[in-house]
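Labels run A, B, C, D and E following the written order; every chain starts at residue 1.
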Amino acid sequence: MVDMKETLIPVVGVVTDIRIDTPDVKTFRVVTPDGKKAFDHMPGQCAMLSIPGVGEAMFSITSSPTNTEYMEFSIKKCGCVTEWLHSMEVGQQITIRGPYGNAFPVDTAFAGHDMLFIAGGIGLAPLRSVINYCRHYRDRYGKIDIVYGSRSMQDLVDYREIIEEWSKDAGVSVHLTIDREQPEWDGHVGFVPNYVKELGFSTDKIAILCGPPIMIKFTLAGLQEIGFDKTQVYTTLELRMKCGVGKCGRCNVGAKYVCKDGPVFRCDQIDELPDEY
Amino acid sequence: MRKISLANLDALFAAIAAEETLYLPQDTEKGAVYAEWCEGATLSNALNTVRSPKDFFFPQTENLMDFKVEGKSIEIIDTRKECEDFVIFGVRACDVRSFEVLDRVFLSEPVDTYYKNRRDHGVIISMACTRPAETCFCQTFGIDAAAPEGDIVCHKTEDTLYLDAKTEKGETLLARLSALTEECDTSAVEAQQALIRERMAKLPLANLSASDFGADKTMEFFNRPEWKELSQSCLGCGTCTFVCPTCQCYDIKDFDTGHGIKRFRCWDSCMYSEFTRMAHGNNRLTQVERFRQRFMHKLVYYPTNNDGLFSCVGCGRCLAKCPINMNIVKVMKTLGGKDNG
Amino acid sequence: MQVTEYKPLIVAFCCNWCSYAGADLAGNNRLAYPADVKIIRVPCSCRVNPTFILRAFQRGADGVIICGCHPGDCHYTSGNYYTRRRMALLFSMLDYLGIERERTRVEWVSAAEGAKFAATMNDFVSTVAALGENKRLEDLRCKK
Amino acid sequence: MQEITRNALVEKASALLADGTVGRVLAWKRGEFDYDVTPAVFQTAEELARDLVWNDFCGANFSKYLIKETEKSDEKVLVFLKPCDTYSFNQLLTEHRFNREKVYVIGVPCAGMLDVEKVKKSAEGIASITEDSDKIVIETLFDGALTLDRASLLAERCINCKSKKHTAYDELLGEDGEVLDSARFDEVAAIEAMTPDERFAFWQNELSRCIRCNACRNVCPACTCEKCVFDNPASGLENKAASDSFEEKMFHIIRAFHVVGRCTDCGECSRVCPQQIPLHLLNRKFIKDIDNFYGEYQAGAEVGSRAPIVDYTTEDLEPNEAVERGDDNA
Amino acid sequence: MQRIGVFVCHCGTNIAGTVDVKAVAEALQYEPGVVISKEYQYMCSQAGQDLIKEAIKENNLTGIVVCSCSPRMHEATFRKTAAAAGLNPYMVEIANIREQCSWVHKDIPTGTEKAIILGKAAVAKVNLNAPLTPGESPVTKRALVIGGGIAGIQTALDIADAGFPVDIVETKPTIGGKMAQLDKTFPTLDCAACILTPKMVDVAQNDKVRIFSYSEVTDVSGFVGNFEVTIKRRARYVKEDICTGCGLCTEKCPQKKVPNEFNLGMDNRRAIYIPFAQAVPKVATIDPDYCTMLKSGKCGVCSKVCTVGAIDYQAKDEYLTEKYGAIVVATGFNPISMEKFDEFAYSQSKDVITSLELERLMNAAGPTGGTLLRPSDGEHPHTIVFVQCVGSRCASCAEKGKEYCSKICCMYTAKHAMLIRDKYPDTDVYVFYIDVRTPGKNFDEFYRRAVEEYGVHYIKGMVGKVSPEGNKLKVRASDLIDGKQLHIDADLVVLAAAIEPDKSARPLATMLTASMDTNDFFTEAHPKLRPVESPTAGVFLSGACQGPKDIPETVSQAGAAASKVIGLLCKDKLTGNPCVAHSDEWMCNGCSTCEKVCPYGAITYQDKEFRMPDRTVKVRRVASVNEAVCQGCGACTVACMSGAMNLKGFTNQQIMAEVDAICK
């Protein structure tokens, strides 16, 4: 019996690179001590990182499954585990277990479609995995639009990658916006939901939404206004995950357990859930 | 079916304990509790124990693993050990059912090996209830107090204990005890069952029905205004969840011993205000939501995910122990329309 | 027969103004006391929360002593008076719970009483050593 | 048998609701069984007439509910308080926990409440309970009727009732009583008289049963922290279920210490403990010590009094003497 | 997570002798947060400090731990070092491995093990340190001097000279103190009055100085730079501003039998009196204990004779409250009571006197007009025995005497003996001593003159008993050098009584929250380096209140205290101690418990609006701490059940981390 793998027991991960994305977001690269990727995953899945003695916390895996060398996590500082993670230096070991939750249906529902990614702030983190997956298997998808907004230019996560890689890809359009005017910013200014409406996308796309609840609420409304159906829109509720295995009793919204049935939900599925998220 | 004279009960216990650790309900000044049998220990006559037997499989706290941290490096130590065989004697029908409820959580993928370890090594000897209490309502959930489930089922009469193995585990154990027991027919047991069923029908909660609740009824009950009134005097303590045989919410925490980290799991309660507090906030902000969660889980969410099986077994512990006497019966009577009005 | 001498672990909370200075004076005068005593500096004995004391026992301390200015001499006028009441009640409670009363102590040691500091510590260490290991307020997880 | 009838309470509350003096009523609500009474907020005369109970099982102390209840709206809340409840009420006012102006207190004389555990111990399968002056008649499911002395079923806190006098009220039903000379410290003294080993064994046995359900804390009218240290990870003391018997001791010692000088000895902690741990004996030890060391002090006897733990004299006894002094009093 | 540097000091061999400093540095290097761990000969030296500064800069340290001597010694030094390297000074923790480790433990393994644990505790604490910034408070540019003896006068004059206003509070009707009672002063033998009275006049005439005589301090609140002091001006029943000090009333007052305390009760004064001719302020005072008018309403002579109408029988005690930036304590000393020294028959015989009484008997303004006469019969004494160390250096007689040396007795006795031999060469003078202690400029020469030029009989030995017999005092003594018993028939026995701090000092210390030693002498902030400051900021010590001292020492200390006061008053703002209490308003439930235990009244409550997680707004009563008033004792932190009140620099978490580290 004790030979069985126990999902709650993590493996050791080594932080091999730390990138400062914004004043409160850092991206950590994690491999096993022998330099391998800790486990395989699909876009949208999460992993439990922990520092023994400090605690465990669930994060979406921001790197693409197509990256076979390592995993990356973009993590915003909020709470004691993330604070500790932010104070780490390269070479620090942590523990990691996963992958948890379902994934975006990248190979089924998404296949062959035009993709519209809409993210606000740290909400880009879970989408980055999907975006890079779609970019990797570019021919499986149609046109890719990315709408991404943040409070300020400094708060745009992965700005370098967005500018230097994404926006240079063929068939990928990146639409950036920030909440308020800034002298060094010559791009769009305004909130994401409005920007989405302004951009006025054709409605034959799959939209993936991620960001603060208030942004999701208004963007979804905006998408519906311009003709999207809720069945075309996906989002992730990963913030509710605690134990990762759907047993600890916290992650359920109604009868659905985010750890097992989510975190990725189609917006019409969410409508069937009681209003508790 | 086998039987043994009650006069020989000690011999039976001794024989079981000779090979496996035997736990049975024993009386204390503060009620009956499951305790390890030792020479001279006697079986409690109480209807049920104060705490449920879920501890045997899902203890209040358990160490999951250890860590050694040195400088920047971490060593993970798997502290799991194969559990020793044990026998729990005298489990009531409601509590036996609770194991099934827990199994469906912990043995579903990904399997909880800590739970499975103990479950695999435990033998359950159940006992029919001849004197149910006014707080009993197991029949509401289709449990027959006269015919409990379990590896071995017992019926205790004035002078005899009847044992009937129901599983392979039970057969094995009973076979080992065959020298002490003798084969018998089922007439005495059947007579007792008839008496129990007659008594059950007369209980004050005999007519409590769960038919209004069950799978896929989330939207029917979630936004009911009565939740507010029902929860208004709830203290937000964890009594109901901790005495409940099926409540299984837990928390995983780390403890720094000064020379290593212990990661342990402990019971948690969805009634606690801090239960769902996470870095980003708390999604069950008031006691209304927390209270609703507990009862919706028992009566709707769990059945939705588990083929209609309720995760309340009607043991009545929360009725007896809630400091303010709010309980699932009152919730069912308030919310469940046609049958409980 | 080789007997390893039992070394108790003593946590001493010393107020900054009197007792910590008294401990320093014991040092200045080279008045020895057992190394089992580890001093934690607090601004005033009234800073010592009962939880610190229990925490020390949990983590393996065998005795806890709180040293402050003599009543009336508190740098903050009344801090040690509060200490006196708090600890009187706490110690009485610990005793009520059957925890050896000799494991906790309050002593008033002024900045001028280096000798008293050393003597107090010598006495406390030997008293606690005589009791042996703290079993009644231990946390088994913290045992090595 | 309670002196005031249920109907008197219903009438009083209905009248005050009707004339707009109060908007809501905190009172005891009838349950499934005769012994099962729930604190509830009543808003209409109909609810009161249907569900309000006043009997030997109305032990719950409403004082703490007033914190939450007075915040809900600007209407006054009517609350029924037994004499012992008024001490908690005053203590909460001392600590500025709610606005006195928003509460209308009706004092109800109390003849003592029954201990449900004692009732259940004397009778299995309780079908009904009726009171008949000093007798309690219990109709059982299987064993017929039992008649018991009411006194034998009284809760410990009521046997050792410290006061029949209301220390706060806007209106009183019936006659007010007196502060009593109770034997409430006898049990404490009995434990003090044990040897340290016996005391340790006694408490180890009691406290090891603790399941950390927090019922004692959550019901306690003195435990009104915005966030309890035991729930606060930043406090360094947070723990949920005890992983080691140390943690139960830590929890109960610190909890008792936190209510020193504030505990009115209302006894709710012991009443609600599902494991029947005599928690009041911890609080009472502190009360007894305070009385012995610093002079008699009853928390909640008056609003605004200064508890001995936040006071001092230059002549106080030394902590090292306190333990010995405790002995002398044993 | 911090980046911590650990710096282990050898302190020469002071630490390195008993602690393997290299092992300590090595062991601490693996503690959480530690990025560098070094040891060095003398961390407090310039080179040592430079090493710390460089390490801070090179390694981007966010905190440092110095394992060295007591923080009471060099915490401030290392905080400055850290600040110089751009680190917040409160990110420094000291592990005391000298006074509390190497100096008290003998073998290296023990010392090293303990030093490592103390270091770990400091590291654990610094991991939880947060940068702290001290608050600022203004300075009231006025000083208060408590006590108007030579110490107080000198301090006041020096402060006033620097241009700051200063008030003197004196309990007696006049300033002048003990020095005003003295006859001549050693070692120069110049007259005390001649050097003191001009200073008294100076101080009276200085427009920066106010003198509150016949007054006392009854309450002190506030803190350095911002004291608020209540002064009780006792009713003297004479209007100070009107009385001319003509003295007519003091001659006409019919109540003549009042023991004259200025002459130590050896003569009488009137109920209305001026203590002595040169009193400052020179105004009369009515003694309410003896005045018939005040006691029975009958008399009123003084009022009738007063030409300026200064008498006011209706006068009441007045209280005034003043603000001060600094307070100087100059409460002085008194000879101890001789009542308990039965062996010297002080209570039985009038001819057994104390040295201070002798001063009055020899003073031209004294009861005998300066002629040395026996108090009992007014005869000229021919044989005089001086007994040294009565109640001083008295370890075995702690119940009546003092353990310390009173320091001034040897010299004044030599002075007395010399003056007597000079004026009355026919007198035999014996001095019994334990040791003669004469360190000080020209002191030993002075003593030798007494022996060699004036023929004073110095006898090393103890006086066992003095018994009055007839008009003689039988003195039994031992001569330790000759090893024989002596019997002397003396006419006068003079006891060199030990001196003790004035009785007013103890309650004053409590008001000032200034610490005292077991003998009620005020404790200095540092015995060597800060001898004129009390540990309580803003409170300074002048004169014998701090320890026995003679006039030159007192005057120099008075000047030193003044210079410290001036240094303080020169500042416009003071930076406070940032280690103060802080209330987490989200956790505070407004119960007022903390307020009740705060000795400084630093905690107040207010109703504040809070935006709750469910977006409602709730008004809650919460505590807030006045950081300028809080002194950081932490009493509130323990009173607070919820842990909302915490002490910066000594948080619950920090202390628990230390506990954990020690108990590992």
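As a convention for this text, a residue touches a chain if its C-beta (ideal position, glycine included) is under 8 Å from a C-beta of that chain, and two chains touch if they have at least 3 such contacts.
These numbers were taken from a predicted model, which means no experiment stands behind them.
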item	value
Chain D and chain A - chains in contact with each	B, E
Chain with minimal offset from the mean of all protein Cα atoms	C
Chain pair showing more contacts of the two, A-E and B-C	B-C
Remotest chain, chain B as reference, centres from CA atoms	E
Approximate Å spacing (C-alpha centroids) for the pair chain A, chain B	39
Chain centre separation in whole Å, for chain C relative to chain A (CA means)	53
Intercentroid distance (Cα basis), chain E paired with chain B, Å	72
Inter-centroid spacing, chain D versus chain C (mean Cα positions, whole Å)	36
Multi-partner residues of chain A (each touching 2 or more other chains)	none
Contacts with two or more other chains, residues of chain D listed in rising order	229, 236-237, 243, 309-311
Touching two or more other chains - residues of chain B	251, 253, 255-256, 258-259, 262, 268
Interface residues, chain A side, partner chain E - complex	84, 87-88
Complex contact set, residues of chain E against chain C	70-73, 96, 98-101, 103-106, 110-111, 113-114, 117-118, 121, 509-510, 513, 515-518, 523, 535-536, 579, 597, 599-600, 631-635, 637-639, 647, 650, 652, 655-656, 658-660, 662-664
Residue ranges of chain D in contact with chain B within the complex	31-33, 36-41, 60, 65, 120, 124-127, 141-142, 209, 211-215, 217-219, 231, 240-243, 271-272, 274-276
For the chain D and chain E complex, residues of the former touching the latter	71, 94-97, 224-229, 232, 234-237, 258-259, 306, 309-311
Chain A to chain B touching residues, read off their complex	1-2, 4-12, 50, 52-57, 78-79, 81-82, 89, 91-95, 239-240, 242-243, 245, 247-250, 252, 254-255, 257, 272-277
